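Here's a structure for you.
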Amino acid sequence: MRVDGREVNQLRPVTIETNYLMHPEGSVLIQVGNTKVICTATLEDKVPSFLRGQGKGWITAEYSMLPRATQERTVREASRGKISGRTMEIQRLIGRALRAVVDLEALGEKTIWIDCDVIQADGGTRTASITGAFVALTQALAKLHKESPFEKFPVTDFLAATSVGFIETIGPVLDLNFAEDFEAMVDMNLVMTGNGRFVEIQGTGEEATFSRDELNTLLDLGEKGILELIEIQKSVLGEDAKLIQN
Amino acid sequence: MRVDGREVNQLRPVTIETNYLMHPEGSVLIQVGNTKVICTATLEDKVPSFLRGQGKGWITAEYSMLPRATQERTVREASRGKISGRTMEIQRLIGRALRAVVDLEALGEKTIWIDCDVIQADGGTRTASITGAFVALTQALAKLHKESPFEKFPVTDFLAATSVGFIETIGPVLDLNFAEDFEAMVDMNLVMTGNGRFVEIQGTGEEATFSRDELNTLLDLGEKGILELIEIQKSVLGEDAKLIQN
Amino acid sequence: MRVDGREVNQLRPVTIETNYLMHPEGSVLIQVGNTKVICTATLEDKVPSFLRGQGKGWITAEYSMLPRATQERTVREASRGKISGRTMEIQRLIGRALRAVVDLEALGEKTIWIDCDVIQADGGTRTASITGAFVALTQALAKLHKESPFEKFPVTDFLAATSVGFIETIGPVLDLNFAEDFEAMVDMNLVMTGNGRFVEIQGTGEEATFSRDELNTLLDLGEKGILELIEIQKSVLGEDAKLIQN
Amino acid sequence: MRVDGREVNQLRPVTIETNYLMHPEGSVLIQVGNTKVICTATLEDKVPSFLRGQGKGWITAEYSMLPRATQERTVREASRGKISGRTMEIQRLIGRALRAVVDLEALGEKTIWIDCDVIQADGGTRTASITGAFVALTQALAKLHKESPFEKFPVTDFLAATSVGFIETIGPVLDLNFAEDFEAMVDMNLVMTGNGRFVEIQGTGEEATFSRDELNTLLDLGEKGILELIEIQKSVLGEDAKLIQN
Amino acid sequence: MRVDGREVNQLRPVTIETNYLMHPEGSVLIQVGNTKVICTATLEDKVPSFLRGQGKGWITAEYSMLPRATQERTVREASRGKISGRTMEIQRLIGRALRAVVDLEALGEKTIWIDCDVIQADGGTRTASITGAFVALTQALAKLHKESPFEKFPVTDFLAATSVGFIETIGPVLDLNFAEDFEAMVDMNLVMTGNGRFVEIQGTGEEATFSRDELNTLLDLGEKGILELIEIQKSVLGEDAKLIQN
Amino acid sequence: MRVDGREVNQLRPVTIETNYLMHPEGSVLIQVGNTKVICTATLEDKVPSFLRGQGKGWITAEYSMLPRATQERTVREASRGKISGRTMEIQRLIGRALRAVVDLEALGEKTIWIDCDVIQADGGTRTASITGAFVALTQALAKLHKESPFEKFPVTDFLAATSVGFIETIGPVLDLNFAEDFEAMVDMNLVMTGNGRFVEIQGTGEEATFSRDELNTLLDLGEKGILELIEIQKSVLGEDAKLIQN
């Protein structure tokens, strides 16, 4: 069985605490099992230079871990003076995923800064970041919408993410924790929308390969998990969820 | 009166939640009013090269703020590729302060890494970091002491810190929040031990100066606040507090 | 139809010139349409510190573009003093992909350095890099095998990569050039082995999403293209191809 | 007794050579015992962006040591590619101290760059830098005042600095040289104005602590030394000293 | 005799392939023996800030080596995060040399970016870069001249470079390959114009010295080689060579 | 005539003050007209890794300018976080030049660190650095020789440097100051030994060229100046000069 007693197609317990911090326009603490991430959304009234004057907005994301989010202390990227390849990949993924469900013309010349800071890590930090950041972003835009309504609310659909993988002794599983992730031969991150379309598929054999059939089983598992995560998002967003008309 | 209704010699409400994270040897979430800092202590079985072979340990500290700990988003030091002068000053202060109440010979050839990550900032983040880090450090050493007892428990006294300052319209005040800090003409950070001795005095006129009498009033205020903080530390440390024999 | 007159399921002309440079153990110039990449393989008789003493080898990859490989001059990463997120993603992908078809125990305590330098870019530089690097790596190991035979030749299967995508006016297409890539709403890079298993799937909606059916069409196209690429690899590898026993 | 035969309350011999270099607007070579620092003041007709348009000026300081200012060769910060925490602390201190005796509104939209370069180090380099930089700054502004008079001369008071400390075998001493500094259990830097007010107190127990009484003795010693330093400043400034009306 | 059988005053075989890449305004692959360099010229319609508004243009050069251009793999400068002193020297030399034969007023407010990327190194990479870059630059300007003619064609003379040196067992030699360069006691790079004037002489004793007579012999050899290189440039430039009226 | 009234073949007044600093093994302040450079030599009992175990020593040089050595304030390289191309060129030149007159085998496994810090700049800082550094290096080795004699004193000959150039309105001149250097069309740095052999010739046309005859005139001027500089070195070295047996 799975190390924490879950079914192969079962998510870990998920909670999303909204308005977690006093300063940001949107902020949540998302917990997926023992993984805890603070996600904030900051609105800025300008866009990067490559977009200036086009009437479009932008979303950019940054991701980091506290040094003791991990079992062994991780050296701070600020101390090393540079950002690792892993961090860059993750923050590019988060930004790209969110941009797929935000109408950047409807947003107008604004930048949304997403910050995902992992307080405690137990696998799945990048997918928890996406699921949490979506809520923070939506709340930040909903707050702005109350003060000065958008013609069209820029969020076009729900968005959540999870991981699936293939463990030799178990087979395909949903939402891997750190111990499972370490053991997995195939690791796949999926980002999907509320209407069941893919935004991102990143499947990787870890010194291993996978067949088309195995791929299909993993996609089925992931889709189930993401739809459950979106239900949780809807519930914590409450009235704000209704602004999203997909 | 003060912006939040406090007496001039009154601390903000302080809570220290211990064992806040699952991985570190010691970890707390300290809240001083709206200022929230996660402090962790990590034990490592080696020392920096300048101490190797001397039978002594070392304590080193790192400090950081989440980008949206602050009212306006602060650019990450990892993104800028270097640590600011302010951060360096603070992390050097935290390490130096803690070393004053730890017997490094009794500790043996170990390094204690202190990480202070500000989740939410409302003034006094460096003093809250010291007060919280002392608890995390003591708990990490107490845990180790239970498994393999030190001949002499290395923590020699309690240690806490607060700020005092001089506000033109009010006069001297204890434990400034961000709004007060911004207004203050004189800003002083004090670190003291459980038996009332100074470890560090850092008093600065902000484009202003102060007299010997004003200095004495500020020191009196600070001493009162620090003794109250140490009572809180004792209470959250419980049995572990008894290991400290000052 | 397609901008260069190809069928939707047709690769661009591919040539792989082996032994392209005099110094490296393995080197090729791969051309996929107008995309030209020099791929080299360097053997080093040691491994990174995290692998030392485990009897296993390692493969690491670096990727770069000449400043005028592109239409507009790109600033050198050496001049900017740091490697972009895009470059990091690509070089991590190349290394990971190659490791999936090399038996690192059979390789022994050696590092294979792969360098992919894009001389001219017209779309698909990362997939051309993987396809070319596989040939350079195999030739480098084959040369070593002749001098001092491996017990088991470390390359376990063929490996090639291509891109597929979804263009609004055409639908799904194979092997996108730069103009097509720019237009595509969905962009997917596939890495597969000689026996038709996946090593990596990276599918991304560019401010867009895609359905499960669309995904399946893209995977079919990609599989066809990769099998053709592997035939070309076999042909240029000649006798060396027989060392690979999948 | 003290290692160099001084009384506990005696400064080392101090000389300040003005107009030491041909290019800067103000420049001195200050010698405090064997410590030698070149201090220059540069006037620039603009302010940092955070002050633009406010009619106020700014003072910023940089500090460095020649590699062989010290007994052992120190690696250049330019070679290491970054500025140490110690250097940052010192240059922030120098700038802050000088700003306390300069009326930034009277200065107008100008930046004064202070450069303190230690040619030879024997303890007390940061306090010698402040004492010397004050003279260089005053001369630079006096020269400008002769060409185009300020409505109000911006320097509002004299400013000097020294160190005091507590040595186990001697007790409290004034103006520590390197050997004394190395031995001291408490180390305190004081910056004061001509009318005897504090600008900065930085007192640190070096793995030690100090009582309120000990603090008072140290402050008395420091005040005596600083008033002597200010007499020397007045003497070398000559006529220019009269522009300062405290 | 020489390791490759050449006479002491004989160049290696030289070929210059023009229009080597599809994107740049000018591009060549120059081969001098086994040394191969891709040189490109990029025209940009602005100048660095220090030249703005003066009606003059600028030429700037960058130089790099592929990691396996060399016998042992060279770490990428992008990976090390900084450019080596050797690279800086070379790129400053290339830019300076080309500026000596371009009338920057006639060029107008344009920047010409020269990129020299060494594909394979066997000695003399910096001089091959200058010789090749001159052709790429001339072709880029000739192409522009056809579209919108300059009043005066900015290239004022031909320019080529070679190395000469002193080998203990042979004496003075022209155009050293890597093995010869390694052995040489004196190493000199010469840059000259079509009418036989010097642009740059860089002669260096490698832990050795040289007399005035030896210098004169080396200069004679170099002059002979450079005039031969200029004949090759004229031949590959064809009609474009006639635009240069020295 | 020349801006400072000198003959075209006349050096500026030169003084070399030895034992300028208390800590280094060798140190001088060299003044060449208004150019002032502190040169120090530091002996270290190990060599860089590429020389380890070969019984040979090494000489490495670093060069820097104080920010206000120049007319306009120059930004510190430590603040910019990297060393400029100009600085790298100069420090490579200084090290290479000194190595030509030091027998590295006779030196044994030692590194000599040369630091040249320009206090005031008025042209010719790199050549003054070489001339001064030679004296500091010789004194450092002479001091060591008295304590523990070398079998063969490692300095094999004298070494000095100067600049020559071609000014349009005057013609060829020796030892250019900053104003002359700025105006010069050809700028040449020469390094020679006591017996009149060249170590380094670096001649550069500044957007100009020069003939073989002009070169010869410049070399004659430089030789005259360098022999005068070597006489001054001999005089300040006194007894130590006799250790050099060229």
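Every chain is named by a letter (A, B, C, D, E and F) in the order it is written, and numbering of its residues begins at 1.
What we mean here is this: a residue touches a chain if its C-beta (ideal position, glycine included) is under 8 Å from a C-beta of that chain, and two chains touch if they have at least 3 such contacts.
Note that the structure is a prediction, hence the values are computed from the model and not measured.
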> Both chain B and chain F are touched by which chains?
Replying inline: D
>> Along the graph of touching chains, what's the shortest path length in steps from chain A to chain F?
In response: 3
> Matching E-F on over half of contact pairs, by residue number: which of B-D, D-F or A-B?
Replying inline: B-D
> If you average the Cα atoms of chain A and of chain E to get two centres, how far apart are those centres in Å?
Replying inline: 52
> Measuring from the mean C-alpha position of chain C to the mean C-alpha position of chain E, what distance in angstrom results?
Replying inline: 34
> What whole-number Å value describes the gap between the mean CA coordinates of chain A and chain C?
Replying inline: 28
>> I need the residues of chain D touching at least two other chains; which ones are they?
In response: 81-82
> Chain sequence round the ring, chain A first and chain B second?
Replying inline: A, B, D, F, E, C
> chain F touches which residues of chain E in the complex?
Replying inline: 82, 85-86, 88-89, 91-92, 96, 99-100, 104, 188, 193, 196-205, 207-212, 215, 219
>> Please output the residues of chain C touching chain E within their complex, sorted ascending.
In response: 21-24, 27, 34, 38, 40, 42, 44, 62, 64, 66-71, 73, 76-79, 81-83, 87, 113, 115, 117, 119-120, 122
